[in-house]
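Note that chain A is present in both complexes that follow, paired respectively with chain B and with chain C.
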Partner chain A sequence: MPKCTINGQEVEVKEGATIIEAFKKMSEDIAHYCWHPGLSVAGVCRLCMVDVEGARGPQIACNTVVREGMVITNQSEQIKDIVRWGMDFHLINHPLDCPICDQAGECGLQEQYMKFGKYDPEMGLQKVKKRKVVDLGERVVLDSERCILCSRCVRFTDEVSKTNELGIFNRGDRSEIGTYKDKPLNNKYSLNTVDICPVGALTSKDFRFRQRVWYLKNADTICNGCSTGCSVKTYYNEEGLFRVKPNHNEDVNGYWMCDEGRDLYKFANKESRLLKAKKFDGSTWEEVSAGSAVKSLSHQLLETIKETPSKVAVVYTGQFTNQEYADSLKSFDGLGVNNFYHWMNNQASKDEFDGLLIRGDKNPNTKGLQNEASKFSGLKKLENLFNELESGNIETVFVMAPENISAYPEYESHFKALSKAKNFIWMGANQTSCYESTNSSNTYLIPLKSYVEKSGTFTNHNGTDQNFNYVTTLVAGALTLSEAMTLFEGQDLDFEIRPKIYKTMKNNHFTSDRGEL
Partner chain B sequence: MQVKVLSEHYDKPEFQGLEGYKKLGGYVELEKAFKMDPKQIIEDVKAAGLRGRGGAGFPTGVKWGFLPDNGEPRYLLCNADEGEPGTFKDRMMMERAPHQLIEGMIISSFAIGSKKSYIYVRGEYDESIRILTKALDEAYKAGMLGKNILGSGFDHDMDIYVGAGAYICGEETAMISSLEGYKGQPKLKPPFPAIEGYLGKPTIVNNVESLAAVKYIIRDGVEGYRKHGTEKSAGTKLFSVSGNVVKPGNYEIPLGMPMKTLINDLCGGMKPGRQLKAVIPGGSSTPILTAEEAMKVNMDYESMAEFGTFLGSGAVIVIDDSNCMVDLLGVLMHFYHHESCGQCTPCREGTGWLNKLVASIYKGEAKMTDLELINGISNHMMGKTICALSDAAAMPALSFLKKFREEFEFYIREGKSKVKGSSYAQMHH
Partner chain C sequence: MFKLSSEGIDFVKKEIERYETRRSAIIPCLYRVQKENKGWVPPEAVAELSQLMDLPEAWINEILNFYTMFNKEPIGKLHVQVCCNISCCMNGGRELASHLNKEFGVQGNEISKDGNVTITRVECLGSCDTAPMMQVNDNYYENLTPEKAVSVIKELM
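And then the complex of A and B:
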């Protein structure tokens, strides 16, 4: 474990660590664009220059291994001068179109100019013209003039996704990122290139032009797209969620996440949500608040269930938290119910794994569900329930419906099949058109909270418990399973479910925390 | 006067073919080398003081000594991507004496224990490629290459790889990238090629002339080789003299000869009625010398260093008083802008910026402060990048401005060339 001195402070680093890693460990500022901890060293931006005592001249910190006793600084006038010029070299052909650039506010050029640059621009000549609005693939757009050719995206497709769609074409200041003919950037991890792009060269088709980043807050959570359970950061404001980016988590997802996982915020937004509870009595639909719907459900059914618990079935999907499973299972168990069914989607492909992050089990918490249910009477296969319904052995069905309905192609058909129950209670977060075709003349649709609206724990594929916290409220009055069961048992919640008041005027929150380069 | 060690038989057409080459002493040293201990050859090359003839002047034997001693497969690459503007010696060597290079390469491969070597030739050298291909064929047929060469038990295969004419591929790690099938761009060092080179294996890259010279170290021995040249610049070297001299061409001279002798005696001096104005001593990237400096400097590594420049590849570009330095720098900056690989930011952006700035001078669009800007850009391109192309562009810019500043100032002030009396617009439109 070699020790070195960084800007006058001693630090011990791992054997083989580079100087830039030592700077990062110390949280010392160091300019850099091409270096990224999740990628190989390119050494091309030439900004992370440091003085090493005894060395021939300035060294790049990203490709210099720390040796015992090294004395390193980037505070000398010489280094500051090199970095200022290095910034200028990056910016002379950059269009400086920050006002219309999506990256503005979280741009490496802006941030590092303010930290290390602050020179008077010297470039007074015609800039190099390159391609704008280049369609690289399904999700990513390139602006070559903004590109600083750090090669992070190229290295990503080479080393991480191993799909090699991107390359740097041409030479010198005519160099441009591009794809080969008929080989667009369409891998399952393509949006990571947008994340690691330090400038506004690569932008996400989904996110671009929708929000300025300084009008977004962010909070950490766990992706609910599959059983990997990537650590993610969600970006939101009062209008809803806008995007999801990966958080570094060495044990789970490294620095990356898949494109599919980035789309799931859309199911949490109001547009696709069940906003109110709905009751159907065989002829008319009635909209009520979630709380009062559960209360009236309780009045109507609680005693019946207690009397004949064997006629009650509860269907679970792997999309809820461990706490919700524990609470609801305990409630039903207390009522004498022990018919718990597991609605497992894509049964055939559930054990698949692409070798990087994407797993075939498109539920964040199948493990958690199995663990919790094993403490009670276990889980039965959903197919058996269809038979029980046909034979009339089951009269009341509770369904804890999935939140990520894109992973449940059978969502609508199962809704219809299960609604053959006499009493049909469908608890879920999403609104779909199939609800109107219910077969039950006693149907309840109870709106539940999405994963960003609650705290809890998911247990991922290898049994790691991952806690996450409440991010924001998107649908006022929606319940967690735990809350719903508390109300169903006839108790009051120990807190008030207060609809969030939306202001009529847009209230913009300037956030200073905009993630790391 | 010329001392013809390597080029002794270059004027004999038969030296090109295997038969003629053997008659004139070819492949004798190969047999001699096979009887030597490979380590002794490396020691001899070190002791002879042979320095890389491609440009950097790094001691060849020392470079070989960096190879790990672990018996791993290793490669020898011959750098025949002669791209430094002004240089044409390797071309002549390959065209006049292909077997000399092949023999030098087999001896060198034997010394470093390499079973496979490549000659990386620049794409424009059609004739060299044709002649080398034929010579390689002859060598294989004669048992100089392949299995158990001349009964020595040493196996060696050699191939020619044709580049696409990129200046950058003359940089050894860019050459390795190119040979591997990638875009020709320099690689980060460390690791150095001697440890991790071609296909990740230990690799030595040597210039055509360096490899050919190994034969003569074997022939003449360390002392014999050191008979010519100086203590630190041993042996002879080929110089490609171009520009405004009476007799331009390749000259083999002992290192240490005064440049004055080379220009005035060997090359017949300046063209009638013309005065020497400046000399670029070692290829377009080396800092320029004024006429006065050129008349004092010697053709060796130490003397060049004293005058703040380099012996480089041995391309002596002689410039007379009819040339406008602004024009010349424009040509050079255009070249380096065109050839920068684009990997490192200071070079990618700097070469383009310098090119535009110098062009703006002769287009009459420059300000006097732009001269300081050129200096600033150049200073911040020097030593800041993976390879030396950035320095190669910056050094002429800095030295032209330092030594011929009044011509640049005149052009900016008057809008026309001090030498030619006309402006770019008048000349080109």
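And then the complex of A and C:
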């Protein structure tokens, strides 16, 4: 374990660690574009220059291994001057179109320019014009002019996704990144190239021009797209969620996440949500608030359920938190109900794995549901419930419906089939048109919170419990499963269990937070 | 549409065994394509090589676009490369190039009307002691004067 001194402070690093890793460990600032902790070392941007005592001249920190007793600094005037000139070279052909560039606000070049830049460039020549708005498939747009050829994206497709679509073509100042014949970059991890692009050369089709990043706040949560459970960061403002990016988590997802997971903010936004509870009495629909809907449900059914608990079935999906499972299972168990069914989507492909991150089980918490249910009477297969409904053994059905309906192609058909129950209570986050076609003359639709609106724990595919915190409120009237069950039991909600949303709003947090490089 | 000959395919297969990594064989294989296709590499050859060599298209395209020795557009029967680097330049390399351009009625990298000649200015060909010089297809012609150069080319035509 060699020790070295970084800007006057001693630090011990792993055997074989590079100087830039030592800088990162000390949280010391160091300019860099091409180095990324999740990729190999390229050493092409030449900005991470440091002075090593006794060395012949300045060294690049990303490709120099720390040796015992090295004394390293990047604070000397000489190094600052080198970085300043390095910046100037990067800016020779880079258009300073920051006001119309989507990367502005989270751009590495912009950041370093503000810090080190020579504000008056000494380059008198015309900038080389390159291709703009190159369509690279479903998700990514390329602007060659802005590219500083750090090669992060090329290394990503070579080393991580192993799809090798991107390359650096041509030579000298005509070099540009691209795909052969502009073939689409349609691998399942393509948006990671947008994340790691230090400038605005690669931008996301979904996100570009929708929001300035400095108007967005971000918060950490867990992706609920599959049983991998990647650590992610969601970006949002008062209108809703705008994008999802990966967080570094060595044990689960490294630095990456899949493209599919990045679309999962959409179903949580207001446009696709069930905003109010709905009651159907056989002829008319009535819209009420979620709380009063559950209370009237409680008045109507609680006694019946207590008398004949065997006629009640509860259907679970793997999209809720462990806490919600525990609370609701306990409530039902207390009422004597023991018919718990597991609605498992894509039964056939649930054990698939693509070798990197994507798993076939498109639920974040199947493990958690199984664990919690095993403490009670266990889970039965959903197919059995359809038979029971046909034979009339079950009169009341509670369904804890999934949020991520894109992973549930059978959502509508199951809604129709399950609504054959006499009393039908559908608890879910989403609004779809199939609700109109209910078969039950006593239907309740209860709006639930999505995964960004609650705190809790997901247990991922290998049994790791991952806690996540409340991000923001999108549908104020929605309930968590725990809250709904508390109300159903006839108790009032303790206001304390709701997230304290006002605490963080003392200062205008939507304008204070910038993105990270 | 260009396709490698069966000997060409054999060549590629032998070449990829020859180096430690298959990637190293890209340059000889591209040269082979250029030789078989009248001196230039058509874009579809990248896809063909990629399949033959089991390498990503982007990697082959990177090499093809980087080196000026690979012609990306059709050239004449004789590819005349006139050195315009420092030693040749001092001995009249540029004048030689413009004289040839005028003589054969071509500009830039275009092919002469009879399809015989393409004249390109290139960087150092490593024959500074015999400046000015030019390379016609694979051969060097050295210690040139404009007249001598024209007669060499006309003889080869």
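In this text, the second predicted complex is superposed on the first by the 492 of 517 C-alpha atoms of A that agree within 3 Å, B and C clash if a C-alpha of one lies under 4 Å from a C-alpha of the other, contacts with A are read in each partner's own complex, and residues count from 1 in each chain.
Heads up, the rule we're going with is that a residue touches a chain if its C-beta (ideal position, glycine included) is under 8 Å from a C-beta of that chain, and two chains touch if they have at least 3 such contacts.
Small disclaimer: the values here were computed from a predicted structure and weren't measured.
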Taking the superposition as given, does A:N346 touch the first partner, chain B, the second, chain C, both, or neither? neither
Should A:K181 be classified as contacting the first partner (chain B), the second (chain C), both, or neither? second
In the overlay, work out which of chain B or chain C sits against more residues of chain A. B
Is A:S272 touching anything from chain B or chain C once the two structures are fitted on A? First, second, both or neither. neither
Tell me the contact category for A:R171 with respect to chain B and chain C: first, second, both or neither. both
If we overlay the two complexes on their shared chain A, which of chain B and chain C does A:N93 touch? Say first, second, both or neither. first
Which partner does A:T457 reach: the first (chain B), the second (chain C), both, or neither? neither
Residues on chain A touched by both chain B and chain C 167-168, 170-171
Could you pull out which chain C residues touch chain A in their complex? 43, 46-47, 56-62, 65-66, 68
If you look only at chain A, which of its residues touch chain B in the complex? 41-47, 49, 57-58, 63, 81-82, 85-86, 89-90, 92-93, 122-123, 125-126, 128, 148-149, 151, 167-168, 170-175
Contact residues on chain B for chain A in the complex? 166, 168, 183, 188, 190, 337-346, 348-353, 356-357, 360, 373, 376-377, 380, 383-386
What residues on chain A touch chain C, complex-wise? 154, 164-171, 179-181, 183
